[in-house]
Each structure stands twice: as structure tokens, then as C-alpha cells.
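Same chain, two partners: chain A is paired with chain B first, then with chain C.
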Partner chain A sequence: MMLVFCFQTLKAEESDASGRLLVSKQILNKYIVQDMDLIVKYTLYNIGNNAATKIVISDTSFNSDTFEHAGGQLKATIDRIPPGANVSHTVVLRPVRIGPYNFTAAKITYETGDESSKVQEAVSSEPGEGYIVAFRDYDKKFSPHLLDWGAFAMMTLPSLAIPFLLWWSSKSKYETLSSKHKKNQKD
Partner chain B sequence: MSALVRLAVFAVFLNFAASEGCTKPEITSVSYTTQDATIVTNIAFVSEFTFRCSGLPSDVPLYAEVGGSVFPAVHIGREKYQVSWTEEVGKARSGDYKVNVYDEEGYGNLRKAIRGNYEHTSPVEPLSTVIVNHPATYQGPWVNSEFMAAVLAALVWYLAFTAKSKLLL
Partner chain C sequence: MIELNFTDFVVRAQEDDTDDDVDVEGEETGVTDEGGEEEEAVEKPTGSPDADTIILFTKPAVAPGTNLELPAGDLVEFLVGFRNKGPEDFVLETLDASFRYPMDFNFYIQNFSTLAYERPVKPGQEATLSYSFIPAEAFAGRPFGLSINLRYRDLNGRQFYEGVYNETVNIVEIDEGLDGETFFLYVLLGACVVLLLVVGQQFLYSVGKKRVGGGGGGTTHKRHVETGTANHNDVDYEWLPKETLQSLSE
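Moving on, here comes the complex of A and B:
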């Protein structure tokens, strides 16, 4: 649903000997459900000819009143990404509120590694709008419904068991009668 | 739900002496893995750890090696690092994952060893090792409950039918 995998190229300087980063932000979920994991993966590719250094990823797009942290940090620093290499960073969050949510871009700053040592600002790709489903609705659709089927079995049990027991009692009664009758005939 | 998602806390104090500078690394880690794979496409493995070593300056760049792939550990605070990776749901095995932590020197040696021109005879020793435990991945029930109900209903009908046909013989 939300595997948006587009890159936003950066307004990097046009010099050849500088590091240039492409940053993708992906939501690795089929459904976004309240109180269940939401996996956010940032992948940084260095397409430049020099190493990018002091890379700071900072994602403020997740409201603290809508999301709880489960694992990983939304602000992280990577010391160095060599040219041609890629580095990923994963964060797990838990949505606590339901409703639509616009997943916007993360901000990245880094040094391009050339003489200017200017701090370059960049933004990641945007996963886009998603909808956080209530856990109850998700459970209704995907849970095994064991309780419901158990209740169904209990309700159907009398209509099956009562005729069976009636038949069983009459059957055993006739069987004892017929066996007695056979015994009497033999004697 | 909370039973499915548990935090595994490991405190590892290992004495791997990789470089002369760092002899007693102190490492404490908290790890998190996604256990309910019904709504996600990948399993996330996240390990956050604090690393301190008397012989090394604080906040040195660290590198991690998991199952043959090497990547930098990300700084998330003072002496705090994060190592995270994702794996496809079908490929993520359960159990302990060993995260070997290296400093710059060890990382260089490791890369040389991977390329096949590492000249030392002993293997590259990590500074320390962090364990990330992934208990299991829940991918939904084995059998659909409606299928189970249908099978049970068919069984009951079959028993009743055979009993009835025996009576009429």
C-alpha cells in the first residue's frame, strides 16, 4: 500500500568531488493498525564521488500524541557514508490514535566532504497519506474468531445432541430387549 | 498484544580484546523485533546499546556485522548507538542474532578479510557482541477457523449419515 519508493534529488552543488545523498523513507506495512507495529525505514544512498560525513537524520513528522516509540530513535547521526555505499536506519513506532495521517518527509543534514565543508540540507521521500485503522476493526476482519465459533458450536449443540440422546436411549433399550429375547429363545 | 511484543534486555559484558586501546568494553543493549507479521511486509530488528571503553575516546564510530553484512552503527545519543536492519518475513528465522561490534580498525580488518586479503592468521575479533533475540514470527493462524468449523460440521453429518444407513439395512 505505502511502498512509495521515489527519491528526491537534492540541490547539491555541481562539483564532482562531493558526496551526494539520496534518502528514501519507507513504511513497511500492509496495514497501519492502532497499537501494532509501524516500521519506518530510512535508506541513504551516496551517489556522489566523495564520502558524506556527519549525516544527521531528524524526523519530526511523527506527532508524539499519535505515535509511541517501540524501538529505535527518530534522530540519529551517521559518521560517514563512503561513495557508492548505502546505509539504512529503522524505527518501529506504534500509532495510538486512529484516522488519516499524512506521512511527510524526514530532514537530513550532512557535509559533502569537499573543501567548502558546507552543511547540505536534504529531505527524504514522502510515503504519503495513510489511514490508521482501529485495532477493533482490524481484529473483526482478521482474528480467528474462536470465541464466536465456540458460541456457535454451543448454540448448535442442543439441536444435535437432544435427538441423538433420544435415539441412543431407545436404541440401547431395544438392544437389551432383543438380547433378552434371544437368550429366552435359546433357553 | 503486549504478550506478542516483548522487549528483550541483555546486558553483555564481554572481554574481547581486539585492539590494544580497548581491553574492557562495557556494553548494555535493549533490543526490539517485530513479532506480529500479519500487517507488516518486513521484520524489523532494532538494537539500541550504550558502549563505553576506557581505552577508546567516547563516541567513536562503531560498525556492526550481522550474518555477513557489515554496516555502520548509528549514533542516537552520547555513547548510545543503534543497529537496525530489516528482513523479509519468510526469511527471518527465530532465535538469537549475533551482532558483532567493531571499531574503525576492526572494521578495516574485517573488510580486508571479506575481500580475501587479510594478512593475519587469526580471525578478526570483534570489540564486543550484542545478542538480538527474535522469539518467533506470528503469521496468522495455521488453519482458518471457518474451515475448521466446516470440517467439524462435515464430520458430524458423516457420522449421522453412516449411523442412519446402518439402521435402514
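Moving on, here comes the complex of A and C:
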């Protein structure tokens, strides 16, 4: 779980001293690919005048037959977010099926921090509909083609090596000839 | 009959009033104002007393007490929070944003797409909507009225259209230190300078050579008289390999 605290002061429009959270849910991937990591980031902004406490993020919007859990927690608890601060939480999932998928909101409950200590329910923003691409299609576009380039290098090798060897053999032959000649002259 | 005439008169009187206003404002804005009047007649933003909306710009981050400054040609993201304080469900329908003329918010300059959400919010619940847009790069350095409006309805079918944000914002130009275009311009200029230097050097070299050759050329050329192979002394052996020369001299 990754927590990032970053202070950000905002003008609070509410007069009563209670915490208020805005929750954004974002999918950080540009391409959602089968069997590759899908990173979901939840950012909680406290824009109220008081600290929000006992925050529980629970996201049940990921079907278990479409997504495999790879890292992070889909049900996370954060003790406290001070006013004007924000906290982000990341979850990594792995899609196992291809096709369109509607990414919907996560549910959040928290205590607003005022005397009533009531539990406030909230829903995050929705990332919307996305399409899970098959790994083969993704690979076609973005793979580095290392094997192909290796094969290409192997195939071009004879056309370079054969003339080089021919030149090398003739060169060494004449070098030995000239050195013999020199020796003969010196003698 | 009398009533009809009366209402007719009222309408005309109103028109006259607005026309007067337009004249006061000036001739240039007159046309735009008339266009705006029609827009105003269509919608008037009103919110439900049971709803509580709030806006937060997440990108760029806003410092407190300062005017909102949006970078032109860059992504702007904001969140709209909605709290249902009433006893009935609300359904959040759409969110739209637009740039208006700062002197007259009825005149549209850039409209951003209206996003449909259709999200129900139960009593006591909160919901967050996210929206992002990119201000046109041509708008850099000018203030605009940014208007963000949320449309929602309650279970009785009553529609509300609430202005979440209605303020003047500055569109600023982001000055990148070195963008690709200027970088390659400098590279091209550098290449031109190098090319000129090389050409100049070649020119000077050839001119110098000609002058030296021309000075002594007359006399040396005269000395060269073709004698065939009769004279063995001025044969140039320099081009021959040393081994051959040695074997020749043996």
C-alpha cells in the first residue's frame, strides 16, 4: 500500500467544522491488457475543516472472473486524514478476460470528525468503460521484436563473413610472402 | 382583448429596456449580447436546497486566495462533490464546462463536452464526479469566465441545473525551457556555421595555392622540356615500392 501525503490548503466553503472527502478513482494504464498489471489509484482529498477519521475504502466493482488480484488491498482502512491533506491508495489487478468492462465506483465510509460522529457514506468517481485488450494484439504493436532482429542478424552474417574471410586469407598469404622476401634479401 | 394588448406592451417594453442596455455598453458588444439573451432564456441555473455541491481543482493544484490559473494546452482536472442532505434520492445526470466572455457570461467562447454520468445518490450519501478538459492553446494570456454546471434530478422528475463554478480564470502560457522546435533550429544554425567555415577554409586554401603556383609556375614549366627516355637522371622513382627500388639498384 502506498500512501502519499501532500498538503494542499483549500478554501473551505462549509462553515461547520466537519471533514469532507472527495474521492477520485483513476486507472493509470493507457492500455488495459490481459495478463498485464492494471493500476488503480484512489485519491482522497479532505476539503473539510476537520480531520476525517476511520476511513474505509472498499471496492467491489472488480469481478473475480475478470480480474485477478495482484497487489494492494481492495478493502483498505486509513486512520485519519487531516483537513487540507490528501491520501492516495493504489491497487494492482490483472485482467484475465478480454472484452469491454465498465469500471464503476468504490464505496467509502468515514467519520466526519464533528460531535455527532456519524458515519458518512460516499462513492468515488467512476473511471468509466474500458476495453481489455488481448496480450497478443498488444504485443503485435509494442513488442521490441528481439527474436526477429536476432534472426535477421544471423541471416545477414554469411554475406558479411564470407567476403571478409576471403580478404583475410589473401591478405595473410601476401604478408607471409613479403616477409619471406625481406628475409631473403637480408640474407 | 385588452389583456392581450397589455402583455404585448409589457414584452415590448422589456425589449426596449434591453436594447437600451445594449446601446450603453457599446456597438462592438451589441451583437454578442443579443446572442446571449437567447441562451439565458433557455436555462437559469438553480440548485436544490437539499443538495450540497463543492468543486476542487486537482490539476493544477490551487493555492489558497489566488486566482485560478490554468495552463493553456495542458490537462485540467477537477472533482465535483455532491452531498444529498434531503430525504429523497437524486440522480446526477450531466456535467458540462465552458469558457465564457468574462464581461458577459452569456457569451460562449469554448464549450467542452457534456459528460453524462447517471449516478444515483441516496439520502445522506456523497458522490464524487471527475471531469477533465484542455483549454485551447490559442487562449493563452487572457482571462476567461469558466462556468461549470451540474444537472441533476430528483425522484419526482424535477430537474436542477446548478452552477458549480462561475468565476474568471486566467489562461497562462507554460514556458518550457527548451522545446524540440527551437532545439533543432539551433542545431540547424550550428550546422550552417560549420558548413560556412569549411567552405571558407577550402576557398582560402585554393586561392593561396593558386597564388603560390602562379608565382613560380612560369619558370618551372619552361624547364620541363620533353626528352623522351634519353635522359635517365630525372626519372621519378618515388612511386615505386622500396623493395623494387632495392632490387633495381642491385
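A few remarks follow.
Operating definition for what follows: the second predicted complex is superposed on the first by the 130 of 187 C-alpha atoms of A that agree within 3 Å, B and C clash if a C-alpha of one lies under 4 Å from a C-alpha of the other, contacts with A are read in each partner's own complex, and residues count from 1 in each chain.
The definition used in the following text is that a contact is a pair of C-beta atoms (placed from the backbone, for glycine too) under 8 Å apart; a residue touches a chain by one contact, two chains touch by 3 or more.
All values derive from a computational prediction rather than experimental measurement.
Applying the stated contact rule after C-alpha superposition, one finds that A:Val23 touches chain C and leaves chain B untouched. When both complexes are overlaid on chain A, the residue A:Ser124 reaches chain C alone and has no touch with chain B. When the two complexes are overlaid on their common chain A, residue A:His181 makes contact with chain C while staying clear of chain B. Once chain A of one complex is fitted onto chain A of the other, the partner contacts of A:Trp149 are limited to chain B, with no touch recorded for chain C. The wider contact with chain A, measured as residues touched, comes from B rather than the other of chain B and chain C. By the touch criterion defined above, A:Tyr45 reaches chain C but does not reach chain B.
When the two structures are aligned on the shared chain, A:Asp79 is found in touch with chain B, with no touch to chain C. Overlap of the chain B and chain C interfaces on chain A comprises no residues. Residues 3, 28-33, 35-37, 39, 41, 70-73, 75-81, 87-92, 135, 138, 142, 144-146, 149, 152-153, 160, 164 of chain A are the ones that touch chain B when the two sit in their complex. The touching residues of chain C, when paired with chain A in their complex, are 54, 56, 58, 61-65, 79, 81, 83, 117, 119, 121-122, 124-130, 243, 246-247. Per the touch definition, chain B reaches chain A in the complex via residues 1, 5, 31-34, 36, 38-42, 44-46, 48, 61, 71-72, 74-77, 82, 84-86, 140-141, 144-146, 148-149, 152, 156, 160.
Residues of chain A that touch chain C in their complex: 8-11, 13-14, 20-24, 26, 43, 45, 47, 105, 120-126, 178, 181-182, 185.
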